[in-house]
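Here come two complexes built around chain A, the first alongside chain B, the second alongside chain C.
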Partner chain A sequence: MSIITAAGNSAPGPGLAPGVLEKAKSRRDRRTFLALLAPAILGLVASFVLPLAYMVRMSFNEGGPDGVVEEGFTLRHYIEPLGDSYFWKVTLDTFQMGLVVGVLCVLVSYPVAMFLARSTSKFKGLLTALAIAPLLTSAVVRTYGWMVILGDTGLVNSSLKSMGFITDPLKLTNNMTGVTIGLVEIFMPYAILAMISGFGRLSPQLEEAAGSLGASKFKVFTRVTLPLTLPGVLTAFLMVFVLSVSTFITPRLLGGGAVQVLATEIYDQTTGLLNWPFAAALSVILLVLFGIIISVYQRLTKKIGA
Partner chain B sequence: MKSYTRRGFAALALTAASALALSACGGGAEAGKEAGSPTSGEVNLIAYSGIWEEQYTKAVIEPFKAKYPDIKINFVSKRSSAEMLSALQGQKGSPGTDVAIMDNSVSTTGNRQGLFEKLDTSAVPNMANVPEKFRNKDGYGPVAMLDAVGLVYDTATFPTAPDSWKVLWDPANKGKVNIVAPPSLLGISLTAITAKMEGEDYTQSIEKATAKLKELAPSVQSFAPNPDEYQSVITGQTVIGLGQNARAQYYSDQSKKKIGVAVPKEGSVYQINTINLVKGAPHSAAAKTFINYALSAEAQSAFAKALFYAPSVTNAELPAEVKARVVATDNPDITALDIDFLSKARDKWTQEWKRQIITK
Partner chain C sequence: MNNPKLSIVDLTKRYAPGLDPAVDCLSMSVEEGHLVALLGPSGCGKTTTLRMVAGLMDPTSGSIMVDGKDITQTPVHKRGMGMVFQSYALFPHMDVAQNVAFGLQMRKVGSKEQNRRVVEALDLVKLGHLAGRQVKELSGGQQQRIAIARALVVEPTLLLLDEPLSNLDAKLRENMRTEIRSIQQRTGATTLFVTHDQDEALDMADRIAVMNGGIIEQYGAPAEVYERPQTHFVADFIGQANFFASAVVADDGAAADGERSYVVDVDGFGRFGAVGAAGLAGSTHEIVVRPHRLKTSLQQPAGPFIEGVIERVSYTGDSLSLGLRAGGKELLSQMPTASSGIPRLGQTAYLSWDPADAFIIPGTAGIPHGTERPATADALAAQDVA
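For the complex of A and B:
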């Protein structure tokens, strides 16, 4: 998306005088521009567009239970899941997971991002680095960490037990609760980064002005701070939502086989049952469905002026 | 001009000839023909990862290297047989792999798809020691080792080994059970075992088995234990679950008998690995040398001692203490799964588990 906008902005504007010199210059500009873009476009085509095209083609092939793929054209792998209530349940669960993780992640990251954006401390750089430092460890490692913390004999349950709050351990892993907790923490650095960069419009003078004109702290927040930081919030939510609906590792590990989302379903079909055409069709459905949701979301956020 | 053309033609002929020669010794040897030398070169082996790779390397590959110092073995490891098959399917046409050791149910599929070569005693003399029942009826790769599915238990919770699968349903173990759900072979095996216990022929229906497994589901802590089904019991997350006898025996030693493994009285299901020569293998001659070694009494007993897989050859001698811990290959209570049936039913059974059994 951003590439297209950038291209649109950098192309020579229509307001240029139609002189020969300018024309030649603009042609040269365009050529330089294309030459500069070429490596990135080539890389993108080879690593993303071609595999994607291959996947779309694969989804129309006939697939047998033995992992045999027969070249052909069938819509079976689309018709079957779309008419299957189990598939819709998995899709709905995936959507719900994205929504819940997105909202929770934004809620817990907002204060951190706000603090980092406003901080004038000389340690600001260090603090920002600390906030995003978890990105340096792989999501797998962090998920294992959560398994240890949330397990039946883990930190949370054993502390609660020793303090006498519970007798039986709370079920915090091998279900959606564990997956949600894990994902919120894992995606927090992304949300924080997205919000810091989206908080550009926020200026302390505006808040001070509202305060000096008699607005309560709560009113300053709801009428000034929040609207000004909304673009960052909405971007962060979208980012976390997208990452959540497509994530595989955490639902797989913390879900204990009991959490079925589209990504785990695709994994089972690909590596366990070797039904590549069906897995490809599910991937295309995931892409199209969430593509639509995201574009609607972006249109809506543009409408509310974010 | 004339000489130029002639020289050009000669050059072209030379190029064509060398290209032909290259293609003959390079990737994709013709079916049935030898490629490379039987005593030198390399062999690309695809097999299981983790502990299996570690122990097979130690017990079989290293002694093989000592015997054939000019053959290099490249071990490509995969987490499951399905992943191996998927890799081999991707290479069909120009295979890069020579030998595959994988589950019988998956290698049968490979045979059907024409991914593997037939083998006989003239190419692999040690096949003479593989009894008829462990040879493929169509002449494809024979059984290389056997194991069975068992109950893996925490020895502190169960001072005496549980002797029935029914222990999984015991309310005392609620929330402490781990089951690797299908498409894993463990979950598939439990479905077949439960069907048998419920007096059902699984090739006809698994209705009763599904109902019974549904009763089990609330007791199950994880349907995808991590890091695996053995560590789940060793670390105390669960006290009982499914596992393979061989690996469980090994981990039992590793964990100082923290876990044990038992094959219950109702019987069990074999897990059978075959050794297969890839069709058009780039180093088929050396590959046959390796397969022959893998089926030797020496390699078979070494691997049984290392990872407790039962040998598939009749001349492998095992010490009594090892023999007691590998599965008996003639136990009438342990059956082989109907592979042809399961290749079609695997998907259906997996869906049945997801829709009926694993519900939150």
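For the complex of A and C:
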């Protein structure tokens, strides 16, 4: 027995060039690797790549606001909006909304994320779960919730009125204000999660070290805490920005038709005006803009050493 | 006596009401230019004490004074301490020079002066050539030295080191001991040093505060703490020790350094000589004999001796470490390798000591004596704690 074991453990016998076994092994590894990836790749191709290709193709088709789509090749749906001031306004509004929601969401989520990342409480797990629990309800439900709270006879306005601060209700729905409030709250869980995972480099000892070297609390924050949490902040911002720009439900419901952003515009073109080629072209434009933003983000994070 | 650099008065830290205090009414003072080690097992309150001195933690009561000025209420960033953390805590988003310059920037030192002092501090730790490096490119030992440079560059009132060597490998640790000691002596920085490693403390410190359960068991020079332990804990924690419960039978005249020689009756083993403080005759105490002071021979010696059976022999080149059993008690001894043949397991050895090498531990008064079977070391330790 021992002889067989010994032989089995020895180096490849005569006739096998060195490295052959390793190569065979790595070939086998690669095959396993591909086999494991296959379901995900197939799923992505079927549900993402093919529809995307179809959408890009669609954007070059002829078509009009009457729902007629003719196979063809035209750049009309790309060129027309570029000369259309309405399109520019919608695009600018969209990105402005993304920016404002992103910044506000990061601002209100930062302290929460910092607290959860630092907490040594035995309730830390529970508190984290609570912070992200809103994800368990759909954005539609939460948007309706905000409509109830922010409406002309809603909680905020009726409270302020009964306390005598206002006589006429504040306009908090059917405008950008309402959409912004709703989006900030809806995306907070994402921002909190992104920041908690991005706060890894910050150990309390670094802040203590800065303090012992003479940094006031404010200086500790600006020189140590903030720079070290910046990667998490950027990730959270990007995430909320992308989600806000692409979201449709909240701007539609809380905006009440008064807020037009790219997502609602695409929806209207698709379901209302049945102008599929134009809707497809708008979607492609949005996609390209996202691509640009993400590449800028990656360059930024590389620069700050994340 | 000149004024101490640091004095701590009745310092107490209780993490929560009802809990035993982590630091219990601790008082000590540190002389200018000294390196003082806070030595003790984990949980003894040494790091808590250091953090309170640094200002990173508020004491429950008591006060901390530097140069005679009460700084107990001074916030951490106004204390001017130089702290070196166990994890070094170098800022990962700054390079080496920026790390070292941080304290100077906080003090609004001019940029020319900053550069000069950063170079000086890096030269002090012999890492001037690494100024532009990123922190993560440095080895543990280099990070350690940068952390020291960063703490020293601000000319701190006190240098505080929290287990600075525990993250280094054994070889490097030896080098860094000498290095830290020499930097400390060159700069003259009064230093408080937390460690659980008795060798480190004995090697580096001017004074050692041996801590246990939130109090200082003994505070003194390394040799004093080792040779004249005031409690069972100190004798046991620093170096290896053999303990014997003994009745101090009679005063046998003056010994060196104002101490007295005594005749002691060692539980189960007869009468031996020992030294101790004045006025101990008639009491019961533990005496301690260090293994390398326990004379071990394979022939019966002339004077009083303890007969033991060799149970363990470990050969270390220049000496033999022996584990012996004598009357139900385990004893440790050392002997030179070439003296009287190489002892075998199971062989009988004879142990004795010079009276000057046995010390009567003052803090063990009233140890039970006269039982038929000698108590084991563990039982004595339990007694001491109770």
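Here is the rule we go by: the second predicted complex is superposed on the first by the 288 of 306 C-alpha atoms of A that agree within 3 Å, B and C clash if a C-alpha of one lies under 4 Å from a C-alpha of the other, contacts with A are read in each partner's own complex, and residues count from 1 in each chain.
Operating definition for what follows: a residue touches a chain if its C-beta (ideal position, glycine included) is under 8 Å from a C-beta of that chain, and two chains touch if they have at least 3 such contacts.
These numbers come from a predicted model, not from an experiment.
Participant: Determine, for the superposed arrangement built on chain A, whether chain B and chain C clash or fit.
Facilitator: fit
Participant: By the touch definition at the top of the document, which applies to A:Leu253: first (chain B), second (chain C), both, or neither?
Facilitator: First partner only.
Participant: Tell me which partner A:Gly164 touches in the superposition: chain B (first), chain C (second), both or neither.
Facilitator: Touch partners of A:Gly164: none, neither chain B nor chain C.
Participant: Let me test your reading of the model: by the given contact rule, A:Pro39 touches which partner, first (chain B), second (chain C), both or neither?
Facilitator: neither
Participant: Looking only at contacts as defined up top, I'd like to know whether chain B or chain C touches more of chain A.
Facilitator: For chain A, the partner with the higher number of touched residues is B.
Participant: In the superposed arrangement, does A:Gly83 touch chain B (first), chain C (second), both or neither?
Facilitator: neither
Participant: Considering only touches as defined above, state whether A:Lys219 meets chain B (first), chain C (second), both or neither.
Facilitator: The answer is second: A:Lys219 touches chain C but not chain B.
Participant: Please provide the least distance in Å between a C-alpha atom of chain B and a C-alpha atom of chain C in the combined superposition.
Facilitator: In the combined three-chain model, chain B comes within 46 Å of chain C at the C-alpha level.
Participant: What does chain C use to touch chain A in their complex?
Facilitator: Checking each residue of chain C against chain A gives 54-56, 76-83, 85, 87, 89-93, 102-103, 106-107, 150-151, 154, 160.
Participant: Contact residues on chain A for chain B in the complex?
Facilitator: Per the touch definition, chain A meets chain B at residues 65-69, 86, 144, 147, 151-153, 173-176, 252-253, 255-258, 260, 268, 270-275.
Participant: Note which residues of chain B are touching chain A in the complex, please.
Facilitator: Against chain A, the touching part of chain B is residues 79-80, 82-83, 85-86, 89, 109, 112-113, 175, 180-184, 221-226, 236-237, 343-344, 346-347, 350-351, 354-355, 358, 360.
Participant: Would you tell me which residues of chain A are touching chain C in their complex?
Facilitator: My answer: residues 201, 203, 205-206, 208-217, 219-220, 223-224, 227-228, 304-305.
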